[in-house]
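These are the structures, in structure tokens.
Each of the next two complexes has subunit A plus one other chain: subunit B in the first, subunit C in the second.
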Partner chain A sequence: MYGKRASQLLKDQACCENGQFTPFNSDLFDQVISECNEHSLQLQSLIRKIEEQNLDMQTTRNEDHFGAVIHHLSLVRNKRCLMAYMYNRAEIIQGLRWKVGPVLPQEMQEKLNYSEEEYFKNHSAAIEAYMSELDLDLTVDMVPPKDPYIRVRVLDDIGEVCLDDHSISLAKHSLHFLRRTDAEPFISQGLMEEFLE
Partner chain B sequence: MPGYYDMDDILMEDEPISVVFQVGAHGCGLLDPGSETIDIEKGTKMDLPYWLAHQLHLRQAVSISVPASFSQKTRKEIQADAACVDLKGRCPYFYELGCKVAPLVGDKTIGSFLLYAFTDRYKEMLSKSHSASAVPRFSSRLTKEESQLFQAARSSMAAFKKWRTGGSRLEKASILGRKRKRTIPLGPSSP
Partner chain C sequence: MSGPWSEEAEEDASSLAGTTDVELIKRAWRNEKAAPEILQFEGPLVLRVREQIQLLEETVEESTENGSNDLVVSLYQMDLDRTLFLLRSYLRIRLQKIEKYMIHISKTNLWNRLSEQEKKFAKRCTEIMEKLLEQSVLARLPYGYESFLKQSISSEEDDMVPEPQLDTFVFCKAKDAVGAFQLDDSGDEIVDLVADDLYVIRYKSIKGLVEAGQIDLV
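Let's look at the complex of A and B:
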């Protein structure tokens, strides 16, 4: 059935839509592209057939015409599916810079294909250039702060980190009183949590 | 009007619709897995996805019949007890497809039928989304649109409860998943 593979591609993406991310399915993606090539060849041969019979392309409504229409529609459909796949992934990737930070964890990195990695890097660089122009980190304080300092619990061994003017050792399970803007990237990466009494 | 990149719209257009070809078409035999030639004869019956059926219908190449999801049988079931009908099993994009198909088949009753089904099921869904703590069994019967509404109602209720009790406002990015779980329950260590 025409267009089945392309919609399968989107179904895989859509079924884990609740904020999760699937690896780039390059196998299926390439299959859809070769299906497109097949449609294109069939379409051309049908058009050639109409031309050989010396019929007018604009007004002819014979079997060949409808065959060509079906191949044309399938091509357009496949294109839409592929575009939507890339577009929706690109949107998620843009969001990663805001939610996770400029460096992606290994398991996330593996899910991107080469062009998506480039896209992430370039998008990241664009945001960073803008932020340095403003001299303001836009990715922190996504939730309006109540207090500039918060208590946090470290969930993983982070090690020695240089914050502002002093360095601090962030060992697992230790509690710290940090500037909110310093703690926020660690919390969004899942390395710390806000400590509430 | 849904956008070009709208995933739900694309997947909805994949729903099968049974059509009868009013013309022949050459070189498209792959559409019908059972066919032996590569040509489609006039009068062939087959199921085509909506995106193809709709466009061919505009060109008067096929005639469309009302999909089974909107048959008299389904309507009787909905009239009996709308909330108990498994619409997801019939068609996960029940309402969206109904809206698109209704003008094509010229059946004026589909519109009011969809409205009736939606309003009747909506009441049930909303009250359950606020009261139930675990995901209830009936959520597997909801169409895509209904389950999005259901999730929205649940998450706004959860956000409201969290706001009232004053929980942590900073959280790990949800896209990283919940893999990193604490293995041992920790007593509060000294700062």
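Let's look at the complex of A and C:
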């Protein structure tokens, strides 16, 4: 049935929403694209047929006209689905820059296709350009601060880090009392967690 | 100190407190957060707040150096952190709105509401979004269907542009009484907006009041 594959593409996406990110479904995606081109060929041939019979394109209402309309509408619907699929993914990718940071973990990166990786890099660069023009980091302070300092537990060996004017050693499993703004980048990269008693 | 002078001074201080720049940025932040579309950029206010942040940072530094009371320092620090959060969050919300509605914004007079830096950001965002969709979808579609803004060559208007939902409901509160206010064009629904009462109204109907600063979103 026309348009079935395209709706499947979006259904798969809708099923695992809530920030869940699925690998790019290039098989199904390519199938929809070739369906589009098939529609176009059919559409062209129907239009040619009408023209060959020397009928007026604007007023003819025979079976060829309605066939052509069906192909046109199917194509447009497929296009909307493809665009929505890419666009929804792009929106999630935009969010990743805010939530995860400029470097994506391996398992995330594998779910993007080549253009999307490019998109992520370019989008990151756009945010960074804005921030450096303002000289203000907007990726920290994602939640309203309650206390300027928080207790954190280090989840991975980070090593010697320079914070403010003194350096501290962030060994795995150690507990620290840090400024929230210093700790946040580590937390978003999954290297630390807030320690709640 | 006693006498009428100090009372006056106190009154002045309290009326000033209601309109400090921090209060104003908080208001701008709240409005921006609740409004479905992007509002006018508060350029001068943002500049003033940044100056104050710098001042606060200097105060914190000085107090730490000359060994002031830890409690005082941490109070300054907290104040500083809160102001910084407001500012960052305000700018962030705007960027996220631009990410979402970049094409709609650049096509309408909403464009004039952006700061210079935001305009640059919006342009870059549009370019890269166009590039992504071009590479993965549009370039592979047949002739007549490869437009970024239109569904096909036969669409008369740009019908593929995401737009903000202006008829969503928002919570709002008027500082001063607005009086009888007409909610829709037909004039059937008229609401008397009383100061400090809380209302839930469609954003579209009170859009003008929000822009004029007569009503605040909550």
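A few points about this structure:
To be clear about the criterion, the second predicted complex is superposed on the first by the 191 of 197 C-alpha atoms of A that agree within 3 Å, B and C clash if a C-alpha of one lies under 4 Å from a C-alpha of the other, contacts with A are read in each partner's own complex, and residues count from 1 in each chain.
One rule holds for everything that comes next: contacts are C-beta pairs under 8 Å (C-beta built on N, C-alpha and C of every residue); 3 or more make two chains touch, one makes a residue touch a chain.
All of these numbers come straight from a predicted model, not from anything done at the bench.
Clash-free side-by-side placement of subunit B and subunit C is the outcome of superposition onto subunit A.
Judged by the touch definition given at the top, the superposed model places A:R5 against neither subunit B nor subunit C.
In the superposition on chain A, contact is made by A:S45 with subunit B only, not with subunit C.
In the overlay built on the shared chain, the residue A:G67 is in contact with subunit B alone; subunit C does not reach it.
Of the two partner chains placed by the overlay, subunit B and subunit C both lie in contact with A:Y87.
Once the two complexes are overlaid on the shared chain, A:P105 sits against subunit B while remaining clear of subunit C. In the superposition on chain A, contact is made by A:Y119 with subunit C only, not with subunit B.
Angle at subunit A (Cα centre) between the Cα centres of subunit B and subunit C in the superposed arrangement: 90°, in steps of 10.
In the overlay built on the shared chain, the residue A:A14 is in contact with subunit B alone; subunit C does not reach it. Nowhere in the superposition do the C-alpha atoms of subunit B and subunit C come closer than 6 Å.
On subunit A, the patch touched by subunit B and the patch touched by subunit C overlap at residues 80, 83, 87.
Subunit B makes touch with subunit A in their complex at residues 4-8, 10-11, 14, 23-28, 30-31, 33, 39-40, 49, 51-52, 55-56, 59, 61, 167-177, 180, 182, 186, 188-191. Residues 50, 74, 77-78, 81-82, 84-85, 87-89, 91-92, 95-96, 99-100, 117-118, 120-121, 124-125, 128-129, 131-133, 135-137, 140-145, 151-152, 154, 160, 162 of subunit C touch subunit A in their complex. Residues 1-3, 7, 10-11, 13-14, 17, 19-21, 42, 45-46, 49, 61, 63-64, 66-67, 69-71, 73-74, 77, 80-81, 83-84, 87-88, 92, 95-96, 99-100, 105, 108, 143, 150-151, 155-156, 173-177, 183-184, 187-190, 193-194, 196 of subunit A are the ones that touch subunit B when the two sit in their complex.
Listing the residues of subunit A that touch subunit C in their complex gives 29, 33, 36-37, 39-40, 72, 75-76, 79-80, 82-83, 86-87, 90-91, 94, 98, 113, 115-116, 118-119, 122-123, 125-127, 129-130, 133-134, 136-138, 140-141, 144-145, 147-148, 180-181.
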